[in-house]
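Next come two complexes built around chain A: one with chain B, the other with chain C.
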Partner chain A sequence: MNVVIFYTFAAIILLFSLLAVTSRKILHAAVFLLFVLISTSGLYFLLEYYFLAAVQLTLYAGGIVVLIVFSILLTSGIDDRFPLVKPLKAAASGGLAILGIVLALAAVLRFPFAAASSNALVVDMKTIGRSLLSYDVNGYVLPFEAISILLLAAMIAAIVVAKKKGEKQS
Partner chain B sequence: MIAGIPLTHFLIVSTIMFFIGIYGFMVRKNLITMLMSIELILNSVNINFVVFNKYLYPHQLHGHFFSIFVIAVAAAEAAVAIAIIINVYRRFNSIDVEQASDMKY
Partner chain C sequence: MNEKYIPRYDMTGVIQSIHEYFLSVMPAGLAYVTELVLIGILFLLFYAVVGLILVLAERKVAAFFQLRLGPYRVGPWGVFQTIADFIKLLLKEILEIKAADKFLFNLAPFIVIIASFMAIAAIPFGYSLHAIDFDMGLFYVLAVTSVGVLGVLLAGWSSNNKYSLIGAMRSGAQIVSYELSIGLSLMTIVVMIGSLQLSTIVQSQADGWWIFKGHIPAVIAFVIFLIASTAETNRGPFDLAEAESELTAGFHTEYSGIKFAFFFLAEYMNMFIAASIAATVFLGGWMPLHIGNLEWFNNIMDYIPAFVWYIGKTAFVIWILMWFKWTFPRLRIDQLLTLEWKYLLPINLINLVLAAFIVLMGWHF
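The block that comes next holds the complex of A and B.
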């Protein structure tokens, strides 16, 4: 059962990520990106990282996609179609991407991944919260604080950059 | 770890997704679609972190937390990028990278 679900999600991810970068209508591309992100969260559910899957759903599929859709509605017409990519450019970029896939997969598939011997940790909210705020060996309080400052800085920066600058620019 | 699915199948999916993002970044000329390609790339890297965590080091949570931090960074990056894109649109009336050629106005 899990196997079937995994390959379904993998097929959805690959198909819709390809559509998201080739679709000629920008709003369609955003919706395809949403499908990709939701399927990724499905993979996390399959791996039994429920908190991470919820974060992926709310932050990525909820937050970022809504932000992208808003900015699409603010900046471009919904019925606009992108011009077709020049064949030479598409062939060169596609060739580079395929070369990259082949090289990366050749390296990955030859590497002998050692199977884990230890037993799995139960990932519940208590473990996650304790590790996020502890400062011993497996604690993450320093990156947590750094991320919180980064988010605050990004929020202020977004407001400052996007607000109108008085009357002189009209 | 999921019975019946080897680690490499996850890696194949995330590798192909990563390079589809690279392809989109090279081909697209619209700033928002380029941002969407970057989201694809970040997402594929997240899958790698989580899968390595689950399959190779299940007694720790390093990959799990790393992808949470990557998601937070991606959210911050998207917010700032969209503010900049809206500003570029106000200035040039277009969000095409070919039109917005000068950075100082």
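The block that comes next holds the complex of A and C.
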């Protein structure tokens, strides 16, 4: 059962990833990307890692794709299409992609995968919260804080960019 | 709360015996698939029935607020009106828009409806009456419902219609901003419970609902949740996305027949989900009204089945949401964003700190 579901998700991810990069309409590409991201969260559900699955849904599907679609809505018309790629370019990028796949497979397949004998680790909300904010060996407080500073900087930058220039409020 | 509260009328035995019956007549794998399909059909039926009832309720409530009778011809007091309407919608022609983006145009209603369909699976209808119940239940519901806005955005863009596009843009801005308030107001209660699992959330209210136990922060969070979820479901006074006096019908102007019905149904189901979450987190879900250790009172309340409690509370919240819609005038987009970013969000953040302080001092019950 799990194997069937896994291969279904994997097939969906592969198919729509391909469509996302080959589609000539930018919004179609964004929607295909959405399908890829949702199927990835399906894989996390299959692994019973619900936190990551929900994060994947809310951040990527509900957040980032919405932002992408939003900006496309503002900038692109319904008849806009990417120009066809020149054959040489297509061949070059296709070759690069295949090379990448071969390299990745060569690296992955050398690793001897064995089924884990220990029980599955239960990762609940409290474990995640504690390890995000702890200083211990398994603590992630430094990256957590660094990311929050990065987010703050991005937000301030967005406000600065969005502010009207030249107008002085009385 | 260490021991689990089990209601007087427990469905676990019935569900267990159905499961065992399936196992006895077919192999385990097939039984699993059959149960999945059956639960899916059950939810579809539930979806259709709730949709029909809610549309009728909306029309009756609207009539009540406007001193009218509302639908009155089909069946006694017009109770079959929505069924007739639904048949009419099914028989209507599905218009093909020549200049529309066909693929996205046809896809959009499904994204909206699937998002709400996925959310409803996690809602606890009674003790062990869950389709799925896991550690991140509440977070999962929020995550899934946030995908629905994509359907609205795509519908607006692919219709190739200025009204639709403006409606979609408004709806996008609105939903993305109000999602923050929804999450934060629920966080206030989650801080007190210490869990995101929906069954645990219900269990934690066996000695009183959080709206009573959580002091003032719970009440503030409840009000904010109601406002934000009204906005999130695109309902009046926040129905800018389909403001009929300005945008004909907003993002679904070009839709007809069953595809329009999908949007329509999804809106009502999203309202139902929002009401369910409000009922579950603040009003105890299927948990009967219990007051601390007042045994005789709790025992009387236990005689009312859990499902009735759940439906009753959800109906109550839905009624409040409808009351909102038919009382307040529609906001402008700038008023809408000001309300969220300058009022609700700061209040919410302060409220969250307050709740954390109360939990830290151990003042909640």
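Please note the rule applied: the second predicted complex is superposed on the first by the 156 of 170 C-alpha atoms of A that agree within 3 Å, B and C clash if a C-alpha of one lies under 4 Å from a C-alpha of the other, contacts with A are read in each partner's own complex, and residues count from 1 in each chain.
Operating definition for what follows: a residue touches a chain if its C-beta (ideal position, glycine included) is under 8 Å from a C-beta of that chain, and two chains touch if they have at least 3 such contacts.
Predicted model only: the values in this text are computed from it and were never measured.
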item: Room on chain A for both chain B and chain C (clash or fit); value: fit
item: Contacts of A:G63 with chain B and chain C, given as first, second, both or neither; value: both
item: Contacts of A:N2 with chain B and chain C, given as first, second, both or neither; value: first
item: Which of chain B and chain C A:L27 touches, first, second, both or neither; value: second
item: First (chain B), second (chain C), both or neither touched by A:L84; value: neither
item: Of chain C and chain B, partner touching more chain A residues; value: B
item: Partner chain(s) touched by A:A154 [first = chain B, second = chain C, both, neither]; value: first
item: Touching partner for A:L142 - first (chain B), second (chain C), both, neither; value: neither
item: Superposition-derived minimum Cα distance between chain C and chain B (Å); value: 13
item: Chain A residues contacted in one complex by chain B, in the other by chain C; value: 48, 55, 63, 70, 72, 74
item: Footprint of chain B on chain A - complex, ascending; value: 2-3, 6, 10, 13-14, 17-18, 20-22, 26, 29-30, 33, 36-37, 40, 43-44, 46-49, 52, 55-56, 59-60, 63-64, 67-68, 70-72, 74-76, 82, 85, 89-90, 93-94, 96-98, 100-101, 104-105, 108-109, 113-116, 118-121, 123, 127-128, 131-132, 138, 140, 143, 147, 150-151, 153-155, 157-159, 161-162, 164, 169
item: Footprint of chain A on chain B - complex, ascending; value: 1-5, 7-13, 15-24, 26-30, 32-33, 35-37, 39-40, 43, 46-47, 50-51, 54-62, 64-65, 67-69, 71-80, 82-87, 89-90, 95
item: Chain A - residues contacting chain C, complex; value: 1, 25, 27-28, 31, 34, 38, 48, 50-51, 53-55, 57-58, 61-63, 65-66, 69-70, 72-74, 78, 124-126
item: Chain C - residues contacting chain A, complex; value: 29, 32, 99-101, 103-104, 107, 134-136, 139-140, 142-144, 146-147, 149-150, 153-154, 156-158, 160, 165, 168-169, 172, 176, 179, 194-196
